[in-house]
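This is the structure I have questions about; it appears just below.
Chain IDs A, B and C follow the sequence of writing; residue 1 opens each chain.
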Amino acid sequence: MKTNFFKLNRNQTQKLGFAFLSLLALTTILPIILIIGLLIYKGGSAISWNFITGFPHDGMRQGGIWPAIIGTFYLTVGTAIFSVPLGIASAIYLSEYSKDNTLTRTIRIAIINLSGIPSVVYGLFGLGLFVLFLKFGTSILSASLTLSIMTLPVIISTSEEALRAVPQSFRTVSVSLGATKWQTIRRIVLPEALPGIITGVILGLERAAGETAPILFTGAAFFLPQLPSSIFDATMALPYHLFVISTQIPEMPVQIQFGTALVLIAFVLSMNILATIVRSQARAKRQW
Amino acid sequence: MKTNTNIQEFIVTRLIKLSGYSAIVFVALIFLFLIKEGVPTFAEIPLGDLLSDRWYPIEDYFGILPLISGSLIITLGATLIAVPLGIGTAVFIAEIAPRWAREILKPLVELLGGLPSVVIGFLGILVITPSLRVLLNLPTGLTALAGSLLLGFVALPTVVSVAEDALDTVPRSYREGAWALGATRWQTIWRVTLPAAKSGVLTAIMLGIGRAIGETIIVMMVTGNAPIMAFKISSIFSPVRTMTATIAAEMGEVSNGSIHYHALFFIGMVLFIISLIVNITASAVVFRSQKRSEKVLS
Amino acid sequence: MTDKILIENFSLQYEDGIESLRNINLAVEKNAITVLFGPAGGGKSSLLRSINRLNDPEDIRLINGRILIDGDDILDPKMDIIELRRRVGMVFARPVVLPFSIRKNITYGLEVMGEKDQNKLNNAVERSLNQAALWEEIKHRLDDPAIALSGGQQQRLCIARSLALEPEVIMLDEPTSGLDPISTGKVENSLQELKKDYTIILVPHSVQQAARTADNAGFFLQGELIEFSHGKKIFTSPEVKKTEDYVTGRFG
């Protein structure tokens, strides 16, 4: 009987397979580490007090990014104002009030679709509805509203999950003690689900803060010599600014580009870390 | 006092129910506005011209085939990268990795998901496109290939996390049953765990594709934005332009209500419908599998 | 002897068809312990849940007959359910303490009613904990999280929580199923005290407990009330063969 040289036995196959999968996993995460490393290494030297708090000048080839930082902050807060109450209320509806029927299934499909619509289509919609139809103009208001709708599905899904994780028995006991449904939600379910909801809200806002396409034609400004003074003003924003200085401006100093990118990911990742902390703290404290 | 509670309860319940419907309202509103601004295209541009291979709005050429081909080729490339890598990584995390490796891998993948696409685009311009130009000896690195590479990585976190969730929900007893019958862990993964998680893995792939086809800023930054027909394999090495990038690049410069403006909304409509199909397919897979498992339980 | 609750020709069917009640007639005596016992799935819990309307209307396919508390038909759609639940307290099988302090667990029901007077709330805490025989054990740590109590203490806290609302009827659904014998004894003793002021309906977790506690007892089997009479009688000389088989341990 001839042994086939290429025929591996089961254990060899397994070893080879595992090695291959480890390689795939490594390929997945290596670029992430490289990206973060590169940004910190190259961008770190650009960061200075003047860079953070200064205005850009000389066609943005000099100076700082303060208006972009402030703009992104405004947009994030604006997004939160609209999307957080609506998203949480919607999650409460799905978790506490909805029945398993066609309407609920339609809502769920709508949420899945909202989360899948390309960001630039949100931009188009924002332009059509908020900028032109409602005449809010290219403004913080229009951009925030556009980002809010985009953020909504993230907030709804994560909040609903957090609400559903609260044990059903709490609700039954509360109701048996004569509490109304809303009293039960407000006094027990919501407080218990709060850490999970906050985590979801932060993750949603994190995404909004880093988006460029939805604000392109709804509120982002190429350059502004002063900070916006009302919600009807357009604003600079970190992601759009990075887009502008890495594609639209010839002979842009690389250092400023890296510095801007680093500030942007610091902004976004600090939110991410905050969410992780909230989540792990709540898990440690939880009584059920 | 009691009527007070009742009134409060009534108002709050109403508000919550109303908010509950908001997702439907917004999807409908979005579609409505895309139709309102996009449908006039049919009156303004003959269908034959719309389906031609030349997009050059300044001279009133509005053929969207090059844009569709651009989106398709980049998405195809991204899928070829994201699916094997993503599912391999998900299997590694869910089935093979020791605890410590999992604790490192999962947050890192989440981190990638949280990176703003403009940052990835920026690094693409700086690192990927110059390298491609030199390595492949191309006239420019701004190609469909660059877009595919980057979008592959952008779609990865979606594929990994959804597929990993699916693998996690496969009951442990399935695996133990296979081990008890003498299967190796490797055989168990391929013959038991992955087939059992099939619908979730399919959802992961669909959502990854959806993520790639909708990405805007990255493709706008690294693919050169040339609206040429890209239906050949070799087109991967040439600059292309996607539907998303076209909207993003041109919407700022058109005047409201013009033919060009309507054409861009029309492209948005096409994108919306594509994402609708992708997401409904993805969720239909999930819904169906849930129903089946319910039957098994009862 | 007066009847607090009258159940007349009561039938119930759930949407999923799993459990149901058929034509139940039953009188619950005031200031006494009425025990409902029988194998699982016999409809005891469903009856309790019907008496304070805890069943989700969504789950019910059919409901018939009357349940009268002091003459009021509680199945009447015009019945104020919130008010009803204050009159009829409920203690569940598993002690479910709310994620608050011990004190807040007890005041919760009063607070949702709108009671803000701290004196009244404090009095209610002391009174109800005393009634549930828990005051002496935990009076120094009322502000600790309730989850820190032992299982037996938690269940007595749940009883105290119902008592705080000064209900007329207290229903207990296998309140000692998760408890050790000593805690079980404490709960049973406090029930004997409580019946002086309250009407009690108990679903026991064993026939022995039923026999120990019952003033009156009803045997439930597959949604029907097989036999209902004095505790002493039903556990020593039952009239129906099925009841006898069950209490003597021949099935169930």
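Methods note: a contact is a pair of C-beta atoms (placed from the backbone, for glycine too) under 8 Å apart; a residue touches a chain by one contact, two chains touch by 3 or more.
What you see is a predicted model, and the numbers here were worked out from it, not measured in a lab.
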item: Of all other chains, the one whose Cα centre sits farthest from chain C; value: B
item: Interface with the most contact pairs, given as the two chains involved; value: A-B
item: Separation of mean Cα positions, chain C and chain B [Å, integer]; value: 54
item: Centre-of-Cα separation between chain C and chain A, whole angstrom; value: 49
item: Geometric centre distance via CA averages, chain B-chain A, whole Å; value: 16
item: Residues of chain A touching at least two other chains; value: 180, 183
item: Residues of chain B whose C-beta touches two or more other chains; value: 5
item: Chain A-touching residues of chain B, taken from the complex the two chains share; value: 5, 8-9, 12-13, 15-17, 19-24, 26-27, 29-30, 33-34, 36-37, 84-86, 88-89, 91-93, 96-97, 104-105, 107-112, 114-123, 125-127, 153, 156, 160, 184-187, 189, 207, 210, 213-217, 220-221, 244, 247-248, 251-252, 256, 264-265, 268, 271-272, 275-276, 278-280, 282-283, 287
item: In the complex with chain B, residue positions of chain A that touch it; value: 10-11, 13-14, 17-18, 20-22, 24-25, 27-29, 31-33, 35-36, 38-39, 85-86, 89-90, 92-94, 96-98, 105-125, 127-129, 132-133, 149, 152-153, 156, 180-183, 203, 206-207, 209-213, 216-217, 239-240, 242-243, 246-247, 254, 257, 261, 264-265, 268-269, 272, 276
item: Of chain A, residues touching chain C in the complex; value: 99, 167, 169-170, 172-180, 183, 187-188, 191-192, 287-288
item: Chain C - residues contacting chain A, complex; value: 52, 54, 58, 82-83, 85-86, 89-90, 92, 94, 96, 98-99, 108-109, 112-113, 145, 147, 158, 161-162, 165
